[in-house]
Every structure is written in structure tokens, then in C-alpha cells.
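Got a structure here, written out as C-alpha cells. Questions coming.
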Amino acid sequence: MNFELSAELCALRDRTRQFIAEQVIPYENDERQSHHGPSEALRRELVAKAQAAGLLTPHASPEMGGLGLSHIAKAVVFEEAGYSWLGPTALNIHAPDEGNIHLMEEVATPAQKERWLRPQVAGQTRSCFAMTEPSPGAGADPSMLTTTAVRDGDDYLINGVKWFITGAEGADYAIIMARMEDGSATMFLSDMDRPEIILERNMDAMDACFTGGHGVLRFDNLRIPATDVLGEVGKGFRYAQVRLAPARLTHCMRWLGQARRAHDAALAYTRRRQAFGKPLAEHEGVGFMLADNDMDLHTARLHIWHTAWLLDQGEKCNFESSRAKVVCSEAQWRVVDRSVQMLGGQGVTGESPVMRIFTDMRAFRIYDGPSEVHRWSMARKLVHMADKAAEGA
Amino acid sequence: MNFELSAELCALRDRTRQFIAEQVIPYENDERQSHHGPSEALRRELVAKAQAAGLLTPHASPEMGGLGLSHIAKAVVFEEAGYSWLGPTALNIHAPDEGNIHLMEEVATPAQKERWLRPQVAGQTRSCFAMTEPSPGAGADPSMLTTTAVRDGDDYLINGVKWFITGAEGADYAIIMARMEDGSATMFLSDMDRPEIILERNMDAMDACFTGGHGVLRFDNLRIPATDVLGEVGKGFRYAQVRLAPARLTHCMRWLGQARRAHDAALAYTRRRQAFGKPLAEHEGVGFMLADNDMDLHTARLHIWHTAWLLDQGEKCNFESSRAKVVCSEAQWRVVDRSVQMLGGQGVTGESPVMRIFTDMRAFRIYDGPSEVHRWSMARKLVHMADKAAEGA
Amino acid sequence: MNFELSAELCALRDRTRQFIAEQVIPYENDERQSHHGPSEALRRELVAKAQAAGLLTPHASPEMGGLGLSHIAKAVVFEEAGYSWLGPTALNIHAPDEGNIHLMEEVATPAQKERWLRPQVAGQTRSCFAMTEPSPGAGADPSMLTTTAVRDGDDYLINGVKWFITGAEGADYAIIMARMEDGSATMFLSDMDRPEIILERNMDAMDACFTGGHGVLRFDNLRIPATDVLGEVGKGFRYAQVRLAPARLTHCMRWLGQARRAHDAALAYTRRRQAFGKPLAEHEGVGFMLADNDMDLHTARLHIWHTAWLLDQGEKCNFESSRAKVVCSEAQWRVVDRSVQMLGGQGVTGESPVMRIFTDMRAFRIYDGPSEVHRWSMARKLVHMADKAAEGA
Amino acid sequence: MNFELSAELCALRDRTRQFIAEQVIPYENDERQSHHGPSEALRRELVAKAQAAGLLTPHASPEMGGLGLSHIAKAVVFEEAGYSWLGPTALNIHAPDEGNIHLMEEVATPAQKERWLRPQVAGQTRSCFAMTEPSPGAGADPSMLTTTAVRDGDDYLINGVKWFITGAEGADYAIIMARMEDGSATMFLSDMDRPEIILERNMDAMDACFTGGHGVLRFDNLRIPATDVLGEVGKGFRYAQVRLAPARLTHCMRWLGQARRAHDAALAYTRRRQAFGKPLAEHEGVGFMLADNDMDLHTARLHIWHTAWLLDQGEKCNFESSRAKVVCSEAQWRVVDRSVQMLGGQGVTGESPVMRIFTDMRAFRIYDGPSEVHRWSMARKLVHMADKAAEGA
């Protein structure tokens, strides 16, 4: 066992940290941000800086123009990028693009990659992932998928409504999950500038860190040629898992950066602000919160590292990524909530960046599977493994 | 012991509940609201409705134009009003006016009451309470007060900066806390339309439920005649306690209404939304959250009732109102956080009112004394009482 | 609403408090105690003292020889009695006798009362309640009852095994729950000195406060005449509810006394013991625990009082007693766990009474329905009430 | 970064696991155990088995007769040994001997090692560590040391009282911490069979897993020659740190084994026991507890591994071992508490081994520094590091 990072990775980490501190954080008060994230102009400006710094899309394969980072390397670099809410956008590792890039690398045909993936890795385009649907459609339970794909000659006709589609507004292409006539699911690729794709509205969300916000999309007889199926017909649910296990983990990595940022802000404030005769940080009650933050941050980091290493060994990590997702989303949330509390009035206003982190992060305990769904899936696996062990014995 | 409410109070409760449901909630999507709360025009429209319904400023004395509610009666009525975030504004029981009205009733001279209190009870004016200061001034520790009042002939000259002054923008008068040359504190009354009172800016806060938002005020040689001292010179800290103990409790009451609203929204959603083969509410994991919500709501209500009853008996309730504040702010927060979780994507977007309640409520664990300050003050009291009992024995 | 206790009740409370302090606590180190509770000799000595003090079996009806306490009065007196783990035995209000006495008063015939109840109220006898069974029988789910009662002439023949039967060893009579041929359940009364009732063993339990411990009983063709049926045939499950709702609450009352005792021990110790330059209680981290204890104790007390008052109004309180049971068992447990922590090494050894309270109390979160079963039953009720309200609207 | 264990270590782990399962667990019901742990006869029988299996005292250096395990290797092997409460005794890695062996290896002279360490590594003797004192002496705050050592010719005379001295009864030698006339502290070695060492009593503790229990020792003019000073005079506090940082971590390792055992027992039971129509484990509420257990166990393991690796790199790990101690003692406790809850009545009786684990483990949150002391020490370090970073910047 060895927790040492290679000198190369340490250098990349330090370079990323410096890039975020010097070139990204100064943009945090840039006015080209709204409740639907940074504007496209701001995004392009940040991307250009990351490109100049040699940090753009680092998780993509070298063939496509990335740095080909391992999962462990992503753990280290994404945490650094996540220190600013603009960092993931700058490095082109924001959701859903980061996960879409991973999925495209795994499943897309060479032609599909040239058409959609290469410009995306270059930071020129954005994408969205159209899976979640309004009630009674697919939410925490993906099997409830209602959007349909019906074969029509060499094409498929897609109909349905999707929502919580992150980055939909302004996306160049979409990966669309739809139900086939036999009940299986298939993923389809489509440019977004089609009249049959209607962005009905952008949702009013608590978070403001995702470029393009979260849209409601309607597919109205959207015709997609069979060549634009992503991977094989009928394997949609399997590909969703291919995408989701590592995507869950990269969320954990980025949010770890944000949680550390919140803790650092609270630590700085409580060392400075006096109350009842001494700095806040010298009050035991506050000190305990600082210690709890450190414990939670380190717990999250260790779960991320371990799961990333397993992914690097070729494990699927459905169980481990569920576990890491629950542990991290809850531990990181506690860190941010405690940081708000330590900051007092500063924590609930724009006087500190932590208010922003607080409202940005809450949804993380819900998306990519709420804690409850992951706990239940873990429980079934634990019982299943015990059943198998009992049979073996 | 008797938990029964009088028939009169039940009728008032039901009338308030109906008023909120039928006449206030329909305004919740009214566009005359911003991050700094409802506009003055919207406030006046709501106040007119409450007046027509006979529910305006019910906690004020009948002499001043109110209903003269006891603390227990307030517990019941304010919870109902709090069911909508516009309810407290409609009934003119929002912070800080509600507490200011109480303080003015207790301490102001007849002339002061006629000038400032009577129009406020009629819903025609608003007020603010200028105590909290930026670092290194008075925050959780009020003894760090830095705003000064210096005697100058028959007047006082006030200088200093205040922030987190709720309702400052648009307020008609202010109660200002300032430090005297001898280190004691005094409260002063002043109209707000004075050039020496500068609203430097309105803060960017997480909550959006307080009319006028939270302002930063500067007093630049503000001249106040001795007749506008509120109560006696040098008794500012004592009056702050007179104001704070019941004011803490009315926060608990109003937020109990909001927490109940969040729970009701989650309960309605989970009864309707299907996942994994049955309604969410029929999943044990969700059911447990509903049960926990009910426990927390009832716990909060019982603490409120008990403390209100003690206040009605003439107790000061410094200890009990601290305890109720911690219990309620934390229990109600858990209710809202769980409700967000049960609502999933709905909970973190404007699809449900609960997102709004979540961001509105977080600061309640901080203002009027953060949980940590109240816990410590309770601890000292517990030790002190035990010391005295030990001496007696 | 009125939280005042009558002068009479206050006097009874003070008298009980004094009795426990002066006449019961001195027995706590008496050697006539084992893992299966106080010996019969010790019990009789304590009962005689309570009788002399006019405090014996205070919840029984005056007709049977008790004081006929209301539920509210029980809340007050039982908390005082619970301050010592020997208190409930002394006052003859320990489980399961306290609940059995209540059930007998409600359901037994005059002849049954004379034979079994009167001597029990006088403190001369003890009883047990034989419901719980080993797997796959009735545990948290009472419907899994496997002990059978078969009609045979004018009698019933009972066969089956029970466990966790508190007080079985040394009990004079038992209330036995058995399944009828039609699937319903019936309660039977039987003397314990019958050869067909075999006490197979006394279980090795974590708690040591229940007289007689927890036994495993086997009924081997136990013949019971129809005249010894308790109440009506087939109404066993209904009577179990009659017994359980108030019995749950009296557990809460007695354990509240024990939790308060633990808190008092921790408060005394932390005021005295120095560390890092000052008494433990002057460390914020310890002070916060003292404050949390006070909050939890008061929360438990308020839930008990409210539910007791509802029972006094004639409500069945299935929901409310479930809620109170979960709230109290969890809040009181937190109090005791924190008290152990504050006491440090004292808390995990016989140097303080709190170790004993800790091991005695853990099972309270399990018996009379584990927290999980109550949460689920509460959830179903909340959903059911919401469904009905929706239908009505 | 690499989480892989060497093939050699995996083999040792599997061998230890098998040894515990086949040769140690069968002794768990052996009657030669009391509240003061296994008897010396039982201990010797277990030690002989470990010796035969080549697993005795594996952490000692090969020179002294051990296997010279690294900290990482200890993490793996001690968790396995801890799966049975008799495992640490069998492998001679129980507290306090395990830590004493480590300290002796680091500090003792060759002559001291031959006299005291070699027979101990061979499992022939036991030792105790006499530091903690009754109030007002050294407890959580070691600086309050009151036992004195006064120079007298070539000897020292030791006077004082110690308590919570684990393993005192039956120990062959003691490491004694005493205060010098200049206020510094020194460690002394002494055989235990001296009339000036009086075992006043063995304390009545909640745990029953430590051989020899926890004794109260009095030193009555105990004369110790200067050659029996352990290390250098005046360096007692420093050596205490040398001993404590890794000793804290080995506690975490052993208790991780016990926590896993509790979880396994709960998992097995809930897969088997039916309630409300299906096995307990198929109820979401129970499944969530199983998942939480898995998360807590993995969190504890990751913290142990990481800190062990740092120790292997030569780091002192005062901060990290504090952090691991708090995280592990609290996470493992939650696991055991949840396991009790899932086991219901089984969990609070000797029907399952988990009751024993529950009462054995509670003190772990207190000894070797209560959670509160570690949190505070972590907080000061976090502030100190931030202060230094701020100075550097």
C-alpha cells in the first residue's frame, strides 16, 4: 500500500492549484454569471486560459486532445479545479460534459467522435445528457423511462419530455435516452439546433454553477438516423452505468474542492474575528467544528482515492461509487453547513463565497442518485454477497 | 396541566389559516418580490387584506390598535401566519417590526408611541433595529458595540456603521443602539429620512423573505434630541434582552409555520410520485423521514408553547427562550432539509415552494444568537444553578 | 393552555423526590441485586417503605388500593421514582407489573381482580406478560404469534415458547398471549406455580434493573379454564394495544428520571473535575453537552406531558405514544451517552451510577416496539390522514 | 498511489483470519473469563496456540522474537485479530502490552529489553502502564500528574496513586510515569511483585476484554534504581507521545475487527429473521443501517491505512493519529450501536456476541484521549498551520 503521488502528478496538482488561485478565482465576481451559470463568453475566456496553461480537458484521451489522466490523477486535479466554482468550467471538466466525454470515449464510433467529441475536448462545444423526466417518468428510478424511440425506416422517431437537463441551453449536442418498443433503452446522439428539440424553459434552480442551468426539453418527433445511435441499440441502461459510476466520483472530486474552499474561508474568518474576548477559533465550540471539517474532508478524500484506484484497476465500482457518493455528498455538505455557521452573518450573505457554495451544493445529495437510492442499492448488494458467501460455506 | 386552547383562540387560528390559504398564498408568485423581500406596494396590498380580515398587528395592545394577543395566542396565530412567507408581512408581525412594536409598547413614552408606534401598528410604516455591526463591532457578542453616542448640549451625536439591518431600506424609523462614553449602551429613536443616515448598500443575502432586505447603515454625526432616547439612558443592553427573549420565540413560531409548509409539500409529493413500483411515501426510508419531520415539528411546537406560557406568567425566560431558539431552529431546519431531500429535484428548484423556504431559513440558526452562543449561555446558567443549589444544600 | 401542576400534585412530587433521595438511593449498593434485578427480599423491603410513605402502587385505582393517579400525575411521579433504578420497584410501578395492573383494571372480571390484582396492588405479588417469542415467532411483528391455545372442553390447552419475559422468575401470575385456531389472539391468566409452565432459563441481559430479569418460558399443555380468559376470547391484539400505548409512556416517564440522574451526575462531576486549567464544565465543549442534555430532557418531558394529557382526555394515543416513545427513548439515550462521555473513566466504571444507567437503558430503544417499527407506523398514519384530508377536500 | 497489499501480507491476513475463526472464537464462551478479562490460564492457552500458528507478538522486532510488522501490516493483521475479543490476547497484541512492547523497543536499554521485553514478546509475561490518576491528578490532561519521584542516592522514591491501570492485576512489570521535582516527568520500570506496589482494588468496568481488568495502584515509597529509568530522565511526556500515537491507532485496528464482527452478526440475523412479511434485511430501514455500517467500517479502515502508511514513512502523526482515533472510535461505535438495534432483543442479551462488543467498546471513545481532547488538539493545530501559512504568504 502506498499513498504517495508521483512527482509528475504533484507538479500537475500544484500547477492546477496555482492556475485556479491566480487565473480563475479573480473571475468569481465577473458579472457574466447568472442563475444559469457562467455565460458562454465567460466560459470561452476561461477555457482559453486553461488551454494556455495546458490544463484543458485533462481527462480526455491524448488522441482526442486531453492529458489522459487516470482516475487517481483526476481525483487530485479535479479537487484543485473544484476549489473555485468556475474551475470545472475553465478546465472543461464540468458536468455533464465531463461524463459525456468519458462515455463518448468508451462507446462512440470514430465518426461520432470526430463529429462531436473532438470539438468538445477542444472546449469549443458543450453537450447535455437527456435522461431525467418529469413525473411519472424516469427520476431516481431510471426504469420509469417514458420518452420513446420508434423505428421508422433507417431512422428513429423520438418523442417525450425531459427535465433537469443540465447545460441544455447552449449545448451543441445531446445524448438522449429513450425507451424502445421492446422496453429496453437506447442512447441517441443529436445536434441541439433542431426544430424538433424545444427548450421549453430553464428551471429556477438553487444552484448557479452549471453552465446553461437546468432545462426542460421536449422532443417532438425528433428524427435520428440509425448511424447516430450511441453504441448498440438496447444497451442504454448499461451505458448509463458506464457513465454514472465514474461520473458520480468526479462530482465528489469537484465538490471536495468546494468544501475545502468553504472550510478555508471559515478557518480564516474564525482566526480573525473576535468574540467574547478572543478569536472565534479559540473557542472550543468553534474549534470542534474546524476539527470536524478536517475529518470530513479527509474522509471524503480517502473514499475518492480508494474508489479511483479501483476504477484504475478496471473494476466497475458500482457499489464503491455509490458508497463514495453518499459518504462524500453528506460529509462535504456537513463541512459547508458548518462553515456557514462559523461565518455567521457572512455565511448567509455574499460577504463570503460560502453562501454561494452552500446553495450550489445542496442538490449534490440528490442528483446522480439520492442518498436513499444508493443506500438501498448498497444494502441489496451486501445481502447478496452474504447470501453467496453463505452458499459457498 | 391543560393543553386545550380556548374556543376563541381556536376560532382565531382557523380564521388565520383560512386567510393565509385563500388570500396570501395566491400572492406567493407575485412579481413584486425581489431578493430584498416584497415591495412596499405588495406589502401595503397584503396589509390591507389583513386589516379587512381583522387580523392586522394582532400582538399589539388594543390601545394601539392590535388584538392584545397573549404569548400563547401568538404561538398559535404566528405559526398559521408563517405557513406562507408572505403571511408575517401581511399580518404586520414580521421581523424586526414585530419585536420593535413589543419593545416600544414596553418602553416608549406616550409621545413616542403616538409618533412612531401608532402608525406602525396600523401597518402604515415600517421600522428597523440597528444593533449588529461589522467586525470588529457587535455581532454574536453585543458587548463589542462600537457605534458611539456623545452628549452635545440637549442632543446626542451618533457615529458608526451597522450591518445586517433587516428592513433598513424603506423603513420609516430606526431604533439605534449606541455606546455611551461610560461604556454603557443606550437606545435611540430616529426617523430614517435624515441625511446623516446613509444606506450604503443592501446586502446580498440568502434569504428573501424580509421586507427591505438587510442593509448596511452609516450614521454620520446623526443628531438625536434627548427626548428621542428610548427608555432610560444606559439601559440599552437591558432593553435588548426585553426585546430579544420574546423576539426569539416569535421567530420560532413563524418558522414553525414554514417548516410545516415544507413538510406538507413533501408529504403531498411523496404520496403521489412513484418510484421502484410504489409511491415514494410507501418506501420505509421516505416514511422514516416523514415520521422524523412530525417528531421535530411537534417538539418545536411544544417548546414554543411551554416558553410562551412562561412568558405569559411574567417570567423573563432568558434561559427558556435560548433553549427554545436552539431546539426550534435546529429541528425546523432538519424538517426543511428532509423535505428538500424527499422532493428530490423539485426541492432544489422553484418547482416547489420548499427551495425558497430552505434558503430563507438557514440564517435562523445564526441570527438572534447563533446556536453556539445560546448553548454556552445555557451551560453557564446550568452550572450557576447547580452551584447555588449546592451552596443551599 | 396551562402548564401549571396542582398544589396537590406538586406536594406528591416533592414527597416522592424526598422518598427516593432518602429511602431508596441508599439501597442502590445493596448486595441483594444481581443481573436479574433486586432480589425478592430487597423488593419487599423497598415496597414496605413505599407503603409506609403512602406511595405504593399510586397508579392503581383507589378501589384496588392505589392513589388513582391520572396520566399527568403519573408523568410527574414516575419521573421522580425513576431517579433511582430501585424507585419503580419500591413504588410497585415497575414493568411489566405497572402495565399489567393497568390492563387488569381495564379488562379483568371482579373475581379475577380479587384473585390476582388486589394482592399485586398491595405489593405482595408480581406478574409477567408472556407475549414475545423466539424466531420465527412474535417479536417486533406481533402478528407472527406461534403459541397456540386450543379449546378442550371448558378449558384451553396452551403450547409454545416465550422469551424476553420480564419478571418471569418469581412472578406469581402471568398474562399469556396465544393464537386461537381462527388466527385471532386471546389473553389468558394463569398462576405461575404450575408444572406445565417451565422457566427454561433466565437470559443474560445487558440491563439489570428488572426484578426477575428476562426469562424463557415454555408452556407444555398448560390447561386454563375458560373463566381465566382475560377479557373476551379473540381480542388479544386489541388488549395488547390497550396495554401498550400507556405502558410505552410510563417507560418514558421512568427513564426520564434515570436520564436526569445521569445528567445530574455529569453536571456535578464536571463542575468539580479540573482539566487544562479550569473545571470541565467551563470548557465550551463540555458546556455544549450539558446544554444538549437539558434540551433533550425538556423535549422528552414535554412529549410525555402532552401525550399523558391526551390520554387523560380519553384519546387512544396510538400515534402519539409511538411518537413519544421514539422521541424519549432516543433523547434520553443521548443524555445518558453524553453523560458517560463527560464523566470519562468514571462513566464506564462503577465509580458513578451512570455506567449502570447506560447498560440498563440501551434496550429501551428496542422493547415495546423498536424505533423503526414506530417510525413506520407513524408514517403510515401520516399518509393515511393526508389521504383522508385530500378526499375530504 | 496504490491500495494493493503484498501477496505476503494477504497470506498473513488470511492465515490470521482462519486462526481466529477456527482456534479463537470457539473459546469465546470459555468460562475462564470474568469482568476482568480472560484468566491467566486461558491467556496462556491462547498464546500457545498463536505461537504454534506462528502469529505470536507479530509487531515485535525479529530480534526480540516477533515478525517485525510494519504499521500497514499491523493494520491488516490486527483488524483480523480483533474479530474476536480474545484475538488480541491470543496474539499478544492486546493493550497495554502491545504499546508497551513498542515503547520498550524504542527506548529501553539492551539490559532492560532482556529482562522485561524478551519474555513479554514470548508471551510469558504481561505489563501495565501506570499513568492515569484519580482526581485531581492526571486524566485527560496529563500535565496534572501528581505521582512524585524524588531522588534518593542512586535511586528514586515513587509515591502516588494511579487508577484505570489496565492489566495491573497479574502484570509482571509496570511502566510508571512520575513527576520530578523540576516539574518534568520520567518513566520508570519496575517489577510488580514489590510490597511497595499495592493493588488496592480492581475497578468495576463496563468492558470485560482486557486481561487483568483495570486496577487502582498505590506506590508507597517504591524505590527504583536509576538504572531502571526508561530512557532519559525528564522525557516522560515525550515518550508518552511516542507510545500514544501508534497505540491509538492499534486500538482503532483491533476495534475495527470487533465492529466488523458486530456488523456481520447483524447482517446474518437480518437476512434470516422475518418480520412484517419478509426478512428484516429487505426492509429499507434495516437496509439503510447495513449500508451505513459498511460506510463507517470502510471510513475507519481508510483512516487507519492512511495513518499507518504515514507512520511507516517516519511521520510522527500526532495530528493524524488524533484524527483517526476520533473518526474510528465514533464510526465503529455507530456500527456497533446500529448492529444492536438491528439484532433487537438479541443485541441486548447474550444471545449474540454483539451485546458484549457494545459494552466492551464504549470506553474507546474515552481512553487514550476522549474525542473532545483530540478535537481540540486538532483545532489548535489547524489554526497554527494556517497562522504559519499566512505568515509565509
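As written, the chains take the letters A, B, C and D, and residue 1 is the first residue of each chain.
Just so it is clear, contacts are C-beta pairs under 8 Å (C-beta built on N, C-alpha and C of every residue); 3 or more make two chains touch, one makes a residue touch a chain.
Computed from a prediction, not measured in an experiment: that's the story for all the values here.
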| item | value |
| --- | --- |
| Joint neighbours of subunit D and subunit A, given as chain labels | B, C |
| Starting at subunit B, fewest touch steps before arriving at subunit C | 1 |
| Chain pair, A-C or C-D, that carries the greater number of C-beta contacts | C-D |
| Distance between chain centroids, defined by C-alpha means - subunit A, subunit C (Å) | 51 |
| Inter-chain centre distance, subunit C versus subunit D - centres from mean C-alpha coordinates, in Å | 38 |
| Residues of subunit A touching at least two other chains | 283-286, 288, 372, 375-376 |
| Subunit D-facing residues of subunit B, complex | 283-285, 288 |
| Contact set on subunit C toward subunit D in their complex | 132, 135-136, 139-141, 144, 163-164, 203-207, 214, 272-276, 283, 285-286, 340-341, 344-345, 347-351, 355, 358-359, 362-363, 365-367, 370-372, 375-376 |
| Of subunit C, residues touching subunit B in the complex | 1-5, 72, 267-268, 271, 281-282, 284, 286-288, 290-292, 294-295, 298-299, 302-303, 305-306, 309-310, 323, 326-327, 372, 374-376, 378-380, 382-383, 386-387, 390 |
